[in-house]
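For reference, chains read A, B and C in written order, and residue numbers begin at 1 within each chain.
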Amino acid sequence: MENCFNMTPLCPDANNTLGTVCIFGTGDFGRSLGLRLLQAGYSVVFGSRNPQNSSLLPKGAQVLSHVEAAQTSRVIFIAVHRENYEFLSAFSQELAGKVLVDISNNLRKNQYPESNAEYLAKLLPQANVVKAFNTVSAWALQSGSLDASRQVFVCGDCESKQMVMDIARSLGLIALDQGSLLAANELENYPLQLFPLWRLPMYIATGLTAAFFIYCVLTDVVYTFVTEGKNISYRIVVSIANTIFPIVSLIMLALCYLPGVIAAILQLYNGTKYKRFPNWLDKWMLCRKQLGLVALAFAFLHVLYSLVIPIRYYVRQRQNIYTISLVKDNKTLTFDSAMSWRSDSFYTLGILGFGLYVLLGITSLPSVSNMVNWREFRFVQSKLGHITLLLCTAHTLVYGWNKFLYLSRYKWYLPPAYVLSLIVPCIVLVLKLILITPCVDRVITRIRQGWERKSVHDRSGQPLI
Amino acid sequence: MENCFNMTPLCPDANNTLGTVCIFGTGDFGRSLGLRLLQAGYSVVFGSRNPQNSSLLPKGAQVLSHVEAAQTSRVIFIAVHRENYEFLSAFSQELAGKVLVDISNNLRKNQYPESNAEYLAKLLPQANVVKAFNTVSAWALQSGSLDASRQVFVCGDCESKQMVMDIARSLGLIALDQGSLLAANELENYPLQLFPLWRLPMYIATGLTAAFFIYCVLTDVVYTFVTEGKNISYRIVVSIANTIFPIVSLIMLALCYLPGVIAAILQLYNGTKYKRFPNWLDKWMLCRKQLGLVALAFAFLHVLYSLVIPIRYYVRQRQNIYTISLVKDNKTLTFDSAMSWRSDSFYTLGILGFGLYVLLGITSLPSVSNMVNWREFRFVQSKLGHITLLLCTAHTLVYGWNKFLYLSRYKWYLPPAYVLSLIVPCIVLVLKLILITPCVDRVITRIRQGWERKSVHDRSGQPLI
Amino acid sequence: MENCFNMTPLCPDANNTLGTVCIFGTGDFGRSLGLRLLQAGYSVVFGSRNPQNSSLLPKGAQVLSHVEAAQTSRVIFIAVHRENYEFLSAFSQELAGKVLVDISNNLRKNQYPESNAEYLAKLLPQANVVKAFNTVSAWALQSGSLDASRQVFVCGDCESKQMVMDIARSLGLIALDQGSLLAANELENYPLQLFPLWRLPMYIATGLTAAFFIYCVLTDVVYTFVTEGKNISYRIVVSIANTIFPIVSLIMLALCYLPGVIAAILQLYNGTKYKRFPNWLDKWMLCRKQLGLVALAFAFLHVLYSLVIPIRYYVRQRQNIYTISLVKDNKTLTFDSAMSWRSDSFYTLGILGFGLYVLLGITSLPSVSNMVNWREFRFVQSKLGHITLLLCTAHTLVYGWNKFLYLSRYKWYLPPAYVLSLIVPCIVLVLKLILITPCVDRVITRIRQGWERKSVHDRSGQPLI
């Protein structure tokens, strides 16, 4: 018990202030951190080469030589570039037993063979190195606008970690224990990444959008201009956009479920689950969630574009012209019950599909998916996911209906864009249908439970003790 | 300090590899875990009955007898069925002081009188049993596609727990401390559940949808067919669906606030809050959030169904036919200011109600509701919740207006469906209105602060020291 | 190891029950907590002044004098008002070494110079005070409906904290470690706040809505009544509402990005980032997220109001009257390609703007923003945020088009409301444009890296060791 109190250097002392914290290095991060620590009620001591020059440092901080500064506190922040770490080995005596907080970041991922923190630990084997605060920017610390990263990831040995986490908490930050110093490398790479898993989906979305844009402009605007001499370029803004968005959305939703199907086929073919998938499949599977969310964004735009249809000038004007022409020509309109069924089914399929789409999106929010167990997650993402794909594909099929039969729809012998969008989803659905037939499903289930086709020794999938 | 280092068996050693981890059992989970550990840089030793047979095990893993394997590591994963645990008591000597990780799962909830981990701890009282990894599936470990459950719940004694959590973290998993081994039972039940709190709301929603579907088909499609001989079955797809969805949504929203009202009445009646509620009320109160979210889903569908109205073939065609008939009959249309007020109020109430509905939904996201304190949560869920119910009920009342006065609306003497949907919401709102009148509210507040009507000793609600 | 077991007073004992927990104080919270502990399987002992009077206490609990009760358990919950804490110093002998859980709350923020828990620790220096459970209400504990605050924030010394966290977990609560007892003050203030950061945005939204409501009613309804004698008050419900919502949304979105621009200008002017911003700017910057979310809510309502346009009675009736008049007057409608471009661009800009708006809203969900690093967060919130503002401003500009040129639009010499809404967004966009020109941007970047214009000693921004 006594131990536990001694190890906390940050207890309120007689003057009811927090303890003293030492910072080595008077650069930007050091100064920002120092200011923030002072504001939180700590005494701050900077360790500097020339302690006389303290003009830039926050008011209230003390500046001493490194050796003197090190003696004032058990926790020392090393706000120094990695290149200058070797300099610290001169003080190995003074730093023995101290908690050194490595806050450094690199310019690119895996810049050095070992993490900065591990390098520091190797240089000063008697000190207790903790990696922390590298995910918080000096600017954010300074301005107090910690909207984003109030999270401080901390790794190191348990006792030292605890002290650093206490300091982080007293600065209003959220300290997250990331285990031992082995995690330092990951922590140093973390702030350098920019949506790594979103890249592939964004490239695919951009590529598909561009391709279908060219395709639609060609078969719609250019075709009309060439054959009829009419300029209908105004269709680009909404009509063509609202053709492209649902197409890209449907294809990407299908691409989100295709790797799962491929994986199952590969496992059937290999007769085991213990053979690694090819690398491209692994990468593809890892960004399925992102594929699905980009698809949802496109579906969302498609819904909005569809719902503004009746308030567009283009539609209202054409509607008026049509009604007037009907009156003038003295035509009678009849009500076609079959058309009504088709139109309403089309909308119902779309709405239900979009509803499930949104549900899938919500369950992929981190806080929601953390609340469900594996069984529940698979139910939602696999069962509901495939039903969503089915509904959206049916929505597109009802949209097309029998149009694909009429040659007039094939401009320059090119099929309408929606026909192209159906290829991938139909393949996925047919393959999935085959995979869930009882006979195939039984084999896959056994393989996934550990059974191997060629294995002689253990066909039961039961653990051997 | 020294202690703390010794207890970590996973420090990088001279060869810069992680430590050695032992796995008892060569079944599916054992092999998947072993492969993953090897990939993360650990040395893996399997303990097996017949160490010669290692054909199935991941390359790079060592296979030894149980006794030999146990000596290689301080952490031993027990990837063995509970039925075979007794076998382990033979090695109680070798396992003394070791950290045994129980990863087992059962086939159904509370299958055994005690949790598997506690059973293991009883068999080997000198070992330190930690329950962990049972929420992660072998398949997910194997394929690396840990979309869902990257969370590893760990319980056991502090030191041993820490080691297992470190291993979990180094495999890229999120380790969550769940306290002592007493939590093992809960952890073992967790992966077996499938949306337990969603069942009742889903049953209610399905029941209500089915009942109102039959009711609407009867009074709309069947009635028209019987009396006029016309087939208007096309109305089922959108028109009737868009009657059912808002009705079910409104009733379920009311059902979400009804138990709170009943609870308050019971407390008034009992004159104390220390009497337990009947069981059905407790269950009902526990799934209020789920009731509300299902109601929101139905409201969402209602909004989409309503917004596609103007682009439906049915509506456009009827509109055209109507306009043409107006022209032919040479009728003049007049603009009715009162009708405009009513129509616009109807939409405004609906939109504002839906807006608050969505707000309630967002605040019930785990990450959002964790950010608010109890006072804020009550403000949103109780105040805003009842206002939402009020707006949605008013929306329905304006929709009905005076239609309920006309006998022609009562097909086969049955009231229109929307009238039925108003019963529960109106009851809830009237009761709530009574409960918030100052005189009643004062009594409830006192009861909830601990005051008891019949108590002789303490009427003040103040704590007695 | 042995240590670790001894310190847990809650191990299952021979009778397979949890340990004993003591509660001082028999008020509401004490009784609710006692009941809950009994339900979870603990033995509960109340410490009371008059142990004979136990009529109110949950069945199964024992009532003893304080001294006797204290001896039964290592953990004692102090369910007593702060005013009565001094009374406890009489038992300082008996409470030495015990874990005292301070669960008290105050009536207003910072009511006392020191937190209740720290006051208790001062009174009983030999006891280990832990602050916990104050964020959980007695009512919630009692009724079991812990929808909101299942989170128990715990602070204190490590060992004692652990015991209290174990108890919290075994009651089905989520225990969150908040560091040492220094955090007690924050914990005591937490349950007293009611959306502190939402106040300013809500005031701004209310003020703007009221101002623009009066302005629009004046220039629309009143103006028409005065000049033409027509009552068009029905326009208030939807038409005017749908003018106000987008205006307020746009202004608030701009207000969300204005402080960032002002801050950059101030830094340029000061030539350093180490000078604190004025207080009002700091406050403004802290509630930017809330400003943005309120703006999103208004945008959401604007979208719904716009989408119901074609199904409103007002619009349908006017449309019919218009069509009939066209037919009667034998006019021919022509299709204006430029109008179509303009109308469709208007909708496209609005839809894309709203899409990005929603994306910004989703990334500001706590669980999502915790998943991104600082670089990613800045990308989304700054880059995408300004693009959203640009799109929404362009949407409004296209809406206005050349209307502002016509004097007839200026009712009583007042500009249309949308013109007023463009002022702030245009200022923000122009200033931002200036700030991101390479020459200005370079200076700001250097300043934010720590460079100071007037500094003589260190212009490099490099840390000095």
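Basically, a contact is a pair of C-beta atoms (placed from the backbone, for glycine too) under 8 Å apart; a residue touches a chain by one contact, two chains touch by 3 or more.
Remember, predicted model here, so these are calculated numbers, not experimental data.
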item	value
Groups of chains joined by contact, in the absence of chain B	one piece
Interface residue identity across copies chain A, chain C - same or different by half	different
Whole-Å gap separating chain A and chain C, where each centre is the average of the chain's CA atoms	23
For chain A, residues that touch 2 or more chains besides their own	307, 310, 323, 327, 365-368, 370
Contacting residues of chain B [partner chain A, same complex]	1, 4-5, 8, 10-12, 18, 24-32, 35, 48-50, 53, 55-56, 58, 79-81, 84, 87, 135-140, 142-145, 147-149, 151, 162, 165-166, 169-170, 175, 190-195, 231, 234, 237-238, 241, 297, 300-301, 304-305, 307-308, 310-314, 316-318, 320-321, 323-324, 327-328, 365-368, 370
Touching residues on chain A, where the partner in the complex is chain B	97, 118, 128, 157-159, 178-180, 182-183, 263, 273-274, 277, 282, 285-286, 288-289, 303, 306-307, 309-310, 319, 322-323, 326-327, 332-333, 335-337, 339-345, 347-348, 351-352, 354-355, 358-359, 365-379, 381, 448-450, 452, 455, 457-458, 461-465
